[in-house]
Amino acid sequence: MIKRFDEAYSGKVFIASLPEVTEAKTVLYGMPMDWTVSFRPGSRFGPNRIREVSIGLEEYSPYLDGDLADAAVYDAGDIPLPFGNAPKSLDMIEAFVKDIVKAGKFPLGMGGEHLVTWPIIKAMHDVYGDDFVIIHLDAHTDLRDEYEGEPLSHSTPLKKAANLIGPSNCYSFGIRSGMKEEFEWAREVGYNMHQFEVIEPLKRVLPTLAGKKVYVTIDIDVLDPSAAPGTGTQEIGGISTKELLEAVHAIANADLDIIGADLVEVSPAYDQSDMTAIAAAKILREMMIGFVK
Amino acid sequence: MIKRFDEAYSGKVFIASLPEVTEAKTVLYGMPMDWTVSFRPGSRFGPNRIREVSIGLEEYSPYLDGDLADAAVYDAGDIPLPFGNAPKSLDMIEAFVKDIVKAGKFPLGMGGEHLVTWPIIKAMHDVYGDDFVIIHLDAHTDLRDEYEGEPLSHSTPLKKAANLIGPSNCYSFGIRSGMKEEFEWAREVGYNMHQFEVIEPLKRVLPTLAGKKVYVTIDIDVLDPSAAPGTGTQEIGGISTKELLEAVHAIANADLDIIGADLVEVSPAYDQSDMTAIAAAKILREMMIGFVK
Amino acid sequence: MIKRFDEAYSGKVFIASLPEVTEAKTVLYGMPMDWTVSFRPGSRFGPNRIREVSIGLEEYSPYLDGDLADAAVYDAGDIPLPFGNAPKSLDMIEAFVKDIVKAGKFPLGMGGEHLVTWPIIKAMHDVYGDDFVIIHLDAHTDLRDEYEGEPLSHSTPLKKAANLIGPSNCYSFGIRSGMKEEFEWAREVGYNMHQFEVIEPLKRVLPTLAGKKVYVTIDIDVLDPSAAPGTGTQEIGGISTKELLEAVHAIANADLDIIGADLVEVSPAYDQSDMTAIAAAKILREMMIGFVK
Amino acid sequence: MIKRFDEAYSGKVFIASLPEVTEAKTVLYGMPMDWTVSFRPGSRFGPNRIREVSIGLEEYSPYLDGDLADAAVYDAGDIPLPFGNAPKSLDMIEAFVKDIVKAGKFPLGMGGEHLVTWPIIKAMHDVYGDDFVIIHLDAHTDLRDEYEGEPLSHSTPLKKAANLIGPSNCYSFGIRSGMKEEFEWAREVGYNMHQFEVIEPLKRVLPTLAGKKVYVTIDIDVLDPSAAPGTGTQEIGGISTKELLEAVHAIANADLDIIGADLVEVSPAYDQSDMTAIAAAKILREMMIGFVK
Amino acid sequence: MIKRFDEAYSGKVFIASLPEVTEAKTVLYGMPMDWTVSFRPGSRFGPNRIREVSIGLEEYSPYLDGDLADAAVYDAGDIPLPFGNAPKSLDMIEAFVKDIVKAGKFPLGMGGEHLVTWPIIKAMHDVYGDDFVIIHLDAHTDLRDEYEGEPLSHSTPLKKAANLIGPSNCYSFGIRSGMKEEFEWAREVGYNMHQFEVIEPLKRVLPTLAGKKVYVTIDIDVLDPSAAPGTGTQEIGGISTKELLEAVHAIANADLDIIGADLVEVSPAYDQSDMTAIAAAKILREMMIGFVK
Amino acid sequence: MIKRFDEAYSGKVFIASLPEVTEAKTVLYGMPMDWTVSFRPGSRFGPNRIREVSIGLEEYSPYLDGDLADAAVYDAGDIPLPFGNAPKSLDMIEAFVKDIVKAGKFPLGMGGEHLVTWPIIKAMHDVYGDDFVIIHLDAHTDLRDEYEGEPLSHSTPLKKAANLIGPSNCYSFGIRSGMKEEFEWAREVGYNMHQFEVIEPLKRVLPTLAGKKVYVTIDIDVLDPSAAPGTGTQEIGGISTKELLEAVHAIANADLDIIGADLVEVSPAYDQSDMTAIAAAKILREMMIGFVK
């Protein structure tokens, strides 16, 4: 009988992902949305390029001495978001993530622009209330109220999240770009803003979060542009992939209850070598092996 | 005294454009909008790349034996459209084009996605009523009512235009992609749809339009992808640049009263050689020299 | 319940393909093999890139007034061919194509290098004996006995096919590169070799094949490099996409019993604009709508 | 004993070129100069990229039924021109070409910018006096006296040549860009200027040149940018590679005494697919097989 | 009334620059010259690409807690340098920089090749005599007397400068490529040459310069090629953008009287992701905010 | 007399290499083979691109205070390996390297895929028996017995080498990707596996190897993808070029008898900026100056 060949073989789904959702512990999903970006669009193609290059990955992590099989990942594909319609897109993401959490599985999202994290946080809040914190790795504050009058913008998700779960529950690392007002607001309200560096402040903060529920959101532009050129708004002075791996491992090895995670802003058209998507694929592998218990 | 160097020298404005609007016959303007596209975004960067490569152009056209100086072009720059906000963007375009027409100057627009033509047509209708026809060169019908529920989409501008000025006043050429329903609608209502070819039907149609007011809109994807890879939705089977030049010259030499024109959908990120922007710059030169009396 | 999103939405399978093979008339499959190429490798990534860009296609063909739904395509994915092992790869292809034909479905293959056509022809021969002819569109003769001593080479498939079903059953079009010996052999044995041109000789030949069983193999390098740069061995002086569309339509409209087809040698790494994969996707759409009854 | 491997194998010299100059009929040489260009520099890397991709060529031409071996080519490498020093570079080229001609061999040059043709013409004039004509295929007139005050510019070689051997001995084809003054001068002095088209006027002109000595200079930008994006100043509306092949074959088959030739302005950095260098390599093959008796 | 839209909106001038020079403290200017480079040309397009990508910058620097508005920048555009004519180009640069300094404004130059720094130093010397030092960040010594006989070469500017103001007034950092003779000369004459490293020697040197007038010249190739591939002559083993930011901030925070600065050698054609131009834009922002009092 | 121009001038041979092998101390040779790679092919073009960009190198190393002339390099070109035939390719490499060693010269190889190191080790073993150790810098273990059933695979060379000369004679550094079984095997048999880091373990190991014969093999993917995107299988978390230079210098300055070396896996098609080939060229320069006595 003719049957479909293993999709992981050719990068249609993330490597080593499961054929059925039933036995899965993790649900990987894409959010192909880039309609509110202010500079270079294209991250709608990020999730699929990450899957495509994932076939170059080993399934074993020598860093964590673990295997992708342990994470039991089901790749649900990309949510079919409507072009240019931000409100409806966000609603669809929120609903889908709620379904994942209700099914008792770990939601692992791939952007798309960073605004996609906002409906995920709403879904998390719906389930866990204020009883969780956000670890946020990014080059940008993302703390605007609006961007040129538009409240649904890729510059706003952390502000919305902070307003929902409280600024003191938000921990940002690696931030090196934003408006003066954003930094001032963070200082005033007790938002945990760690500028420029990731590893040092993260290692200081993690023990203080022991036992807590944590959602982790990583913007690929926390990396230096040399390591991640394929993104909408590059910011020099970023961390290396070695440091990002170290950060992910530190989070994985901390005493945390990680309830979900995402990796966003991979935009393949600006990276002829696919360096950014390949980095994202490996970071996702480490998140799968390290974050999912 | 320190003064700014000639901007045309380094591609900040279109080559040979005038320093002041007063003596201008033509106003060139950019519409950096790509938020409703369904496939590859990026045409927001089109107008500026066209200006940049225009410095490689000769100012004289051996085809038309005319010079850019005759068109007396003022390059007004890009309209500062709000990211992701289609309704407001369209309003700004409409208002600006009305200003140009009221000032007695020829409006020559650069897209951006093709939806930008819709507010221009509204502005034209405001001034001229139904007393003009549209010549439309494109690979796509652009005759949808909506795209996945969204009425403001890059797939709809000609439908909106046809509804406003009447389908029999619309002449499309080179069309080779669309939904069955769009082609059927065109046939039923008397929309002048010319499929696949441009030169032959155009030369047949032009004499029938003698003395009429005409607005010309050119989607760069009417060209074959070999000649214009830098566009959102390539469609093979298109015309060559030689044929597009011939079409522009045929329109220029016909007995028409051309009231405005645009060239849209140049998206530089998909064209490492800048072939598409360079083609657009030269087509615009021929439109300036040929269309503006 | 969490279920996978429509894969056609994000280019994981060819647009508009069916979820199950049962109701399918056509089986689309990829052959990611490039280990015998003599110049630039990389066509192993061709099939997947074609699927990815297929989301930019309309499902309706205004050329054939037909729809992808009529072809009822099931996309079986890529055959998991073993890297660098040509003999085993060819065996796997042959076995899979036999399964498709036995199931009464139309086999539509995507290469990979052109050597993949050889096991397909063997499978066809197994079913139909010598009772079929081959229509071959290509820049290259592919009539070598071996390449530097190696009989399994991308330069040999048509020679092997001609030896199996008889040279007079092979019709090549658009050929513009090869060794003197290949052209001489073709002349001597009555191989139907049409050099440089496609449309004119094809239209002459097609009526003579009325009622016959035909297998169609298209090497994307029959196109001019301007239209298909993303291929291993470009040959200038090729046909345009307009001509290739016309050729496919001529074959589709002829009185033939088409028993299978393939499109090979798309190599994405050499084409930053994805022009070649986009051309291949549309040609495949026309083959699906036109060849499958 | 350790010896060097065949250089033609890996593109260090043009494919099938001879190890020693003694038995050569043709001397191929590169002129890596681009210091006077007004738009995009980089053609200094043209000759070497052409050699590199020549390994993808068949040595046999099915168009001319001849073989590279017949042309007996010795590849002398690139003349070591001094960066930025135009006068000295031109002197070195002139001296080297004189040496080739004195040795009774056919000089076949690769640019570099088009100004390199000027010293070649001087060398030819030194040997043949006014007793030869120039066939010039190009998008640009190249008939300026100077460019912004500089008499040694890539915009001037044909003007200098016309002044030396007489305008009526110069035949340009495919010209589609230049200043009004250049076209007027050509008309006034009897320079044979054929605009836009190549094949038709060339076939008209060739019989009138029967028996004459001819030097052929081809600027790769006579091709349409779709076929040759890798050049400094693209001009749309050009000919296809099929037409350029036809032109070269028409010249080869005419009753002419061809005394030398060049192909210039390949600039690899603007062509990620190497389409332009591959086209140039094949055109050079046809020139070798067709021009050298 | 029709008026030009804000040029900073679309990258025609550096973001946040002033409409008029009168109230400016800083004059930014481009020097589009690359005619003397020995390897890959193209830096003539650097200044404009930097402006274009500057629209992705925030105007606020969280490193310096300052804003672009404080620097009051007027972007004068590119000096219209004559192609290929080095002596005249250098004269024009020198004259323009003198005008800026005489007007009491801070000259901030963008290259172009590094030779452009030589006429700037001459202008500075004209105003300040020997009473200033040069801080030079670069991968290359640039201490040749000539390059293959040519004294006006991109390999010579620091030698010329050292001869003018004295080698002990020149401080180079990050140098990792040059001829043996250059390093030896530096040692012999007391030129302050700091090899391989930037931060450590810079922090040692800066206090010794307290109160001095300083001109700062940064060659983008001081960065590692991973962070700045878009430059003519990459040299591995360079510093990261984090280190370059730290160096700029160290200079900004030192007790110096900075009299001018430049950033050179950005060559966009070799950087498909625009990583280099984006890095340059942000470094320029920090120079503006940090260097201009 | 016409003679060939200096090939080093235009990158046909490695810069500063000798015209004849007689006086050479070092023989540089290319192994253009990539037929067993599992992900992205193309390293067959590595050696030639490295030669091409070597013209941008200074011949003097300020790190080692030595000159390329000291290494007396003869560039033998690329071994003409048969496409797709791994066994025969390996035999040809082995034979050629034996010839070099027998001639008393230092063999310095350029890959091609890493499997090419296996026949070199066999040649070394043939001459030196087990009396040498291997220093291996790489991202990958390369310790598989086979890859999907194929024993000749780019994933196996170090396993084969360890089986031949003993695992305790193999020292790997920078390893960050492999199967669990490979790491376990290494631990069990006493293979010297140093994960993630290069400099620190190398500096610990080098003194323990004092006086020993050493073969050095460097896979360019030991570098971080930010520094070497042009390779088949990028692995993030790698070292910088600064660290790789430091490692090469540490080896060069250690008390070792280096008997040969190679640098493999440069694949130019995935690196539009040529960053990887330029890095490889400079590393090779340091290996020449530092390793050859």
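Order of writing sets the labels: A, B, C, D, E and F. Residues in every chain begin at 1.
The rule is simple: a contact is a pair of C-beta atoms (placed from the backbone, for glycine too) under 8 Å apart; a residue touches a chain by one contact, two chains touch by 3 or more.
Bear in mind that the values here come from a model prediction, so they are computed numbers and not experimental data.
Asker: On the document's contact criterion, could you list the chains that touch chain A and likewise touch chain F?
Answerer: Touching chain A and chain F alike, sorted by label: C, E.
Asker: Answer with same or different: of all residue numbers used at the interface between chain D and chain F, are over half used by both copies?
Answerer: same
Asker: Starting from the Cα centroid of chain F, hunt down the chain whose centroid lies farthest away.
Answerer: B
Asker: Among all chains, whose Cα centre is located farthest from the one for chain C?
Answerer: Comparing chain centres, E lies farthest from chain C.
Asker: Can you report the angle of the rotation that maps chain A onto chain E, using C-alpha atoms only, to the nearest 5 degrees?
Answerer: The rotation relating chain A to chain E comes to 120 degrees.
Asker: Using CA atom averages as chain centres, what separation in Å is found between chain A and chain B?
Answerer: Averaging C-alpha atoms per chain gives centres 39 Å apart.
Asker: Distance from the CA centroid of chain A to that of chain D, rounded to the nearest Å?
Answerer: Centres of chain A and chain D (C-alpha means) sit 55 Å apart.
Asker: Just how far, in Å, is the C-alpha centre of chain D from the one of chain C?
Answerer: One centre to the other, that is 38 Å.
Asker: Find every residue in chain C that makes contact with two or more other chains and list them.
Answerer: Within chain C, residues 40, 224, 226-227, 270, 272 contact more than one other chain.
Asker: Hey, how would you classify the chain contact layout here, line, ring, star, complete or other?
Answerer: other
Asker: For each chain, which other chains does it touch, given as pairs?
Answerer: A-B, A-C, A-E, A-F, B-C, B-D, B-E, C-D, C-F, D-E, D-F, E-F
Asker: For a test of understanding, state which residues of chain E touch chain A in their complex under the given definition.
Answerer: So the residues of chain E in touch with chain A come to 55-56, 58, 60, 62-63, 65, 67, 224, 226-227, 240-242, 244-245, 272-275, 278-279, 282-283.
Asker: Once bound in the complex, which stretches of chain D touch chain F?
Answerer: Per the stated touch rule, the residues are 1-7, 9-13, 21, 27, 30, 32, 47-48, 51-52, 74-80, 99-100, 103, 105, 272.
Asker: Show me the residue ranges of chain B that touch chain C in the complex, using the header's touch definition.
Answerer: Going through chain B, the ones touching chain C are 39-40, 175-180, 183, 195-196, 224-227, 229-230, 233-238, 270-272.
Asker: Write out the stretch or stretches of chain C touching chain F in their complex.
Answerer: Listed in rising order, the residues of chain C that touch chain F are 34-38, 40-42, 44-45, 82-86, 147-150, 152-153, 269-270, 272.
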